[in-house]
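Alright, structures below, take your time with them.
In what comes next, chain A is part of two complexes: it sits with chain B in the first one and with chain C in the second one.
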Partner chain A sequence: MDELIFFINRVLISGTVLGSIYALGAIGITLVFGILRFAHFAHGDMMTMGAFIGFCIASILAGMGIATPIPIAFVVLPLAMVVTAAIALGIDKGFYAPLRRRGVPSVTLLIASIGVTLMMQGLIRLFFGSGTRSLYINETKEIFRIDMSAFGGSRPISITEPQVLMIAVTVVLVLALHFFLTRSRLGKAMRAMSDNAALAQVSGINTALVVRVTWIIAGSLACVAGTMLALDVALMPDLAFNIVLPIFAAAIVGGLGHVYGAIVGGFLIAFAETLAVFNWTSILRPLTTWLPFDLPANLALVPTEYKLTVAFVILVITLLARPTGIFKGISS
Partner chain B sequence: MSDTAIRRGLDLNDPKMRSIVLFAAMFVIVLIVGYVQGAANTTLLLTQAIAYALIALGLNIQWGYGGLFNFAVMGFMMLGGAATVTISAPINPLFWDSEGPLLLGKALAMFLVGALVVLAARQSHRIGIKGGWKTALIVLAWFVSYVAYRSQIDPAAAYIESTAGYIGGLGLNPMLGWLIGGVLAAIMAFIVGKISLGLRSDYLAIATIGISEILRAFVKNMDWWTRGTQTVSPMPWPVPLPQQYQADGVSIADSFVFARLGFLALALVILVVVFLFIQRAYGGPWGRMMRAIRDNHIAAGSMGKDIKGRQLELFVMGSVLIGIGGAMLTSFNQIFDPSSYQPINHTFMVWVMVIVGGAGNNLGVLLGTFLIYIAWVISDPLAQAIFKNLSAWSQSVGWGVIPEIDSRALQMRVFVLGVIITIALRYAPKGLLPEVVQKQK
Partner chain C sequence: MALIELKHVVGGYGGAPILNGVNIAIEQSDIGVIVGPNGAGKSTTLKAIFGLLKVTGGTIEFGGEDVANSLPDKLVPKGLSFVPQEKNVFTSMTVEENLEMGAFTRTDDFRDTMRWVYDMFPVLAEKRRQPAGELSGGQRQMVAMGRALMSKPKLLMLDEPSAGLSPRYVIEIFETIVRVNKEGVGILMVEQNARQALAFASKGFVLASGQNRFTGTGPELIADPEVAKSFLGG
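Our next item is the complex of A and B:
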């Protein structure tokens, strides 16, 4: 029983949290790709920027002596989302829209997004230095322990308060996005434009508005994902640059342009990573008496240093076996 | 040049005139930097710039000639550096006297056996195993080989790291190391290209970024091979070191200049040879075919050109140059530090060099390399000076000093690089010296 609890703590909970972060990031990438047809590399840094904006607002509030029952980063999240969405719109207007108007190939937009990445990284480090910060300002992580002694376990299932909130926020946002895309007029217009941009324009859809809405959704979701990542790990300037690869892998595995695919891909990559670096010895220990050989101390499929390879291997296998992703994605 | 151009004296639309003017401007910039920074720093800067020029020319072959995305520049540079370490670093007697070579040999044997098992599984359709069973067999073969290899390499790595530190080098000439660096990069490029060149450009971009990050993770964590974060230093030079000049009685300041001049001359010779070679290749039928594939691969394919094979050829050729350049940089800096490799400083800076210079135009890429590298190097002291002044100003206004000026000023370079890319894409998308499109008369 203890082994099962250990498994739940180490794989199920942390995998779900990581999966939520990946899914929210991948939705943004997939939406931008669906509407604007280019791989937006600056998404990782948009996440970092969102987290830092949240940090700024939270510090100001904490400085004013405001204390909240839940971590303050969650309280200021809506405000941070608005600011990040506004910056995302500004970036589009300043850097991508002029190039789009000239009708450049999507490759040029991709390179431009790398330029934007560098600018954002430079600015973030310029203002916040390159050190590590914590999004918990004068706060401690509250840990819920669910007693499992009734089921014969000696250790509790432990989950922290931010983790519960993260999962809840993700569920709410995904549901909201689902209803927006399927029920609202604008959401339907977005899906139409993602299917066929020219046809959508001819049938009277305001494509400029759709592009703006895309950036608003992508920017605010990036802010949420970045804040969660910062709460889960720590707030660093190169925080999200390291997860651009898993996020893109999630979007591609799910099928580019496909929102539900991005969610599935995000959780798939997250659980694959968590399971790959999981030490199986701790689960298999009760079996030692029946096994003919001794279990090694560390029986992880992949050493933790090479966690990145997992997302990549899944990506390569997907591209080779089913290039359009699990759900049939768009090809530009 | 037409008569009107002569009358106007300076026609910047004429490619030849444009290159002459821009190169002259660059030469003036180099002279100014040389005057301000002194001979020792200038030779340092120029030698590094030449190594970067080799790398940028390599990327130009891939992106400029062939339109192939390669965001794995950093990975190939690291491979070149690691190869130089193994070839040219001094021999580590501790390793060769221990059981390390035997254990490594076993791991290598296991690797080869595993590779054979996987290859055999891929051919299993010959004995009648088809469909899902074949896929299952291949996956099983991969898994078994992986576990078998891990069971050999893990203890070997732990043993070497605990007894000898790392395997050391072979103590051979660094130039051989550069060559092997190129070969290693070529092998890796072949594997990468074979898997991913058929992909769309954005998939190729993400695939190469992934490969570069994975290469970095491997080189950084394979302590038994490259000492990982402990770094290998000092690395030998193919030309006399400053210390050798000092032993001959040259003053310390002069010895650095002489030694670096020696390295600079060697690097320059290599650059000139490489440049002439790839320039000829560009102008010849081979280059014409590559441009045809780049501009319209469907048309080129229907003319009977082997698109995938040719693109693989370009990818490997470019990566060889990147590997050699990376190896040369490692030798010149005398230190191999895997954690100093960053996508920004390596991959993206080289991309900026190619884009700003003019993709497809080798002269333009050379110009772009020197300009961007100089901008990169001098923007650090420049930003520091600006920040110091700002800090003094904010202090005088009463807002207090700016903290951590040194580390923050360094980040300005990243921002400047981003600004340069976006400006170049918007106002000069073809670069300073655009590719010259020759028309048949």
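Our next item is the complex of A and C:
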């Protein structure tokens, strides 16, 4: 029983949290790709930017002596989302839109987004330095412990309050996005443009408006994902740049342009990573007597520092076996 | 006054012009058919009207208003609709969602229009919840026309509606076009099946090298020995 509890604590809970972060990031990448047909490399830094904006607003509130019952990062999240969405719109207007008007190939936009990445990282370092900060301002994580003694477990299942909130926020946002895309006029227009941009234009759909809505959604979700990552790890300038590869892998594995694919891909990559670095010895220990060999102290498939390779391996396998992703994505 | 009137339209994709002075005039009661050899600028003419390429000379008037180089999101609310030849449905979306996208520019209640489209294409009503990509070629063409009709257009433009369809569907699509016209929608279409299409055309335009060669009613053009010899395959 204790082994199962350990598994739940180490794999199920942290995998779900990581999966939520990847999914929200990958949704943004997949939406931008679907509508604008380019790989938005700066998405990771949009996430970091969002987390720092949340940090600024939270610091101001905390400085005013305002205490909140839940971690303040969640309270300021809606405002931070609005600001990040506005920045995303500004970046598009300033850098990508002029290039699109000239009808440049999508690789030019990709390179431009790498430029935006460098610029944003520079700006963040300029204002906040390169050190590590905590998004928990004068706060401690509350930990919920679910007593499992009734089931014969000596240890509790423990989940922190931020983890519960992260999962809840992700569920709410994904459902909201689902209803937006399937029920609203503008959401359907977004799917239409992702499906066939030329026909969307011919139908009289205001494609400029759809592009703006795409950036608003991608930017605000990036803010949430970045904030959650900062809560899960720590706030630093290269916070989300390090996970650009896994979230791109998630979007591609799920099928580019496909929102549900991005969600599935996000959780798939997150759980694969979590399982790969999980120390299986802790679970296999009760079987020691039956095993013909001694268990090593650490039996992980991949050492933690090579975690990033997991996303790579899944990406390569997907591209070999099913190039358009799990859900049939756009194969441009 | 004609519903749409093109006078000496010149235009192209930025290089040498493809249209070198096209003249077309259509009433709302008309079925206009543009025929001509490959590369004559037939589809290009429709695209020029719909703002999909640059018009550098001449005038395009729709309902008495100059609409040259206007974009589709301005043209559709004015009563102009276009069915492209290829990729003319949203394959990942249901039939009903495809129709809704045709009504994107409308802010009023379009349920009546949807009922009208379903009356015209009963098979679409049956498959309203099915992704358009799963339908047959003929049914897709119906979805594409239905989508274009959802904006309640005064003029419906079709680019080779019969392309790639089996003969049975070609006749069905042509019959539908005539029916749509009787409901008060002007038609301007490009057709490869020239003889068949001209048979029911009230206005026919033979284009070659981006210019009008012959203009007349459909039956007149079919009867003209020169048109028959050069453009209708004898």
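Assume the second predicted complex is superposed on the first by the 332 of 332 C-alpha atoms of A that agree within 3 Å, B and C clash if a C-alpha of one lies under 4 Å from a C-alpha of the other, contacts with A are read in each partner's own complex, and residues count from 1 in each chain.
The definition used in the following text is that contacts are C-beta pairs under 8 Å (C-beta built on N, C-alpha and C of every residue); 3 or more make two chains touch, one makes a residue touch a chain.
Predicted model only: the values in this text are computed from it and were never measured.
Enquirer: Can A:R191 be said to touch chain B (first), chain C (second), both, or neither?
Expert: second
Enquirer: Spot which of chain B and chain C makes contact with more residues of chain A, would you?
Expert: B
Enquirer: If you stack the two complexes on chain A, which partner ends up touching A:F248: first (chain B), second (chain C), both, or neither?
Expert: It touches chain B, and chain C stays clear.
Enquirer: Is A:Y260 contacted by the first partner chain B, the second partner chain C, both or neither?
Expert: Neither chain B nor chain C is touched by A:Y260.
Enquirer: Figure out whether A:T108 sits in contact with chain B (first) or chain C (second), or with both, or with neither.
Expert: The answer is first: A:T108 touches chain B but not chain C.
Enquirer: Is A:F271 in contact with chain B, with chain C, with both, or with neither (first, second, both, neither)?
Expert: In the superposition, A:F271 touches no partner, neither chain B nor chain C.
Enquirer: For A:N206, using the defined touch cut-off, is the partner it touches chain B, chain C, both, or neither? Pick first, second, both or neither.
Expert: After superposition on chain A, A:N206 lies in contact with chain C alone.
Enquirer: So, does A:Y22 touch the first partner chain B, the second partner chain C, both, or neither?
Expert: The answer is neither, since A:Y22 touches no partner chain.
Enquirer: Just to be sure I read the superposition right, which of the two partners does A:M119 touch: chain B = first, chain C = second, or both, or neither?
Expert: First partner only.
Enquirer: Which positions of chain A touch chain C when the two form their complex?
Expert: Touch residues, chain A against chain C: 185, 188-189, 191-192, 195-196, 198-207.
Enquirer: List the residues on chain B that touch chain A in their complex, please.
Expert: For this pair, the touching residues of chain B are 69, 195-196, 199-203, 205-207, 209-211, 213-214, 217-218, 220-221, 343-344, 348, 351, 355, 403-404, 407-408, 411-422, 425-426, 429.
Enquirer: What residues of chain A sit close enough to touch chain B in their complex?
Expert: Its residues touching chain B are 33, 38-39, 41, 95, 98-99, 104, 106-108, 110-112, 114-123, 125-126, 129-130, 241, 244-245, 248-249, 252, 303, 305-306, 308-309, 311-312, 315-316, 319-320, 323, 331-332.
Enquirer: Write out the stretch or stretches of chain C touching chain A in their complex.
Expert: Where chain C meets chain A, its residues are 50, 52, 71-73, 75-77, 82, 84, 87-93, 97, 100-102, 104-105, 147, 151.
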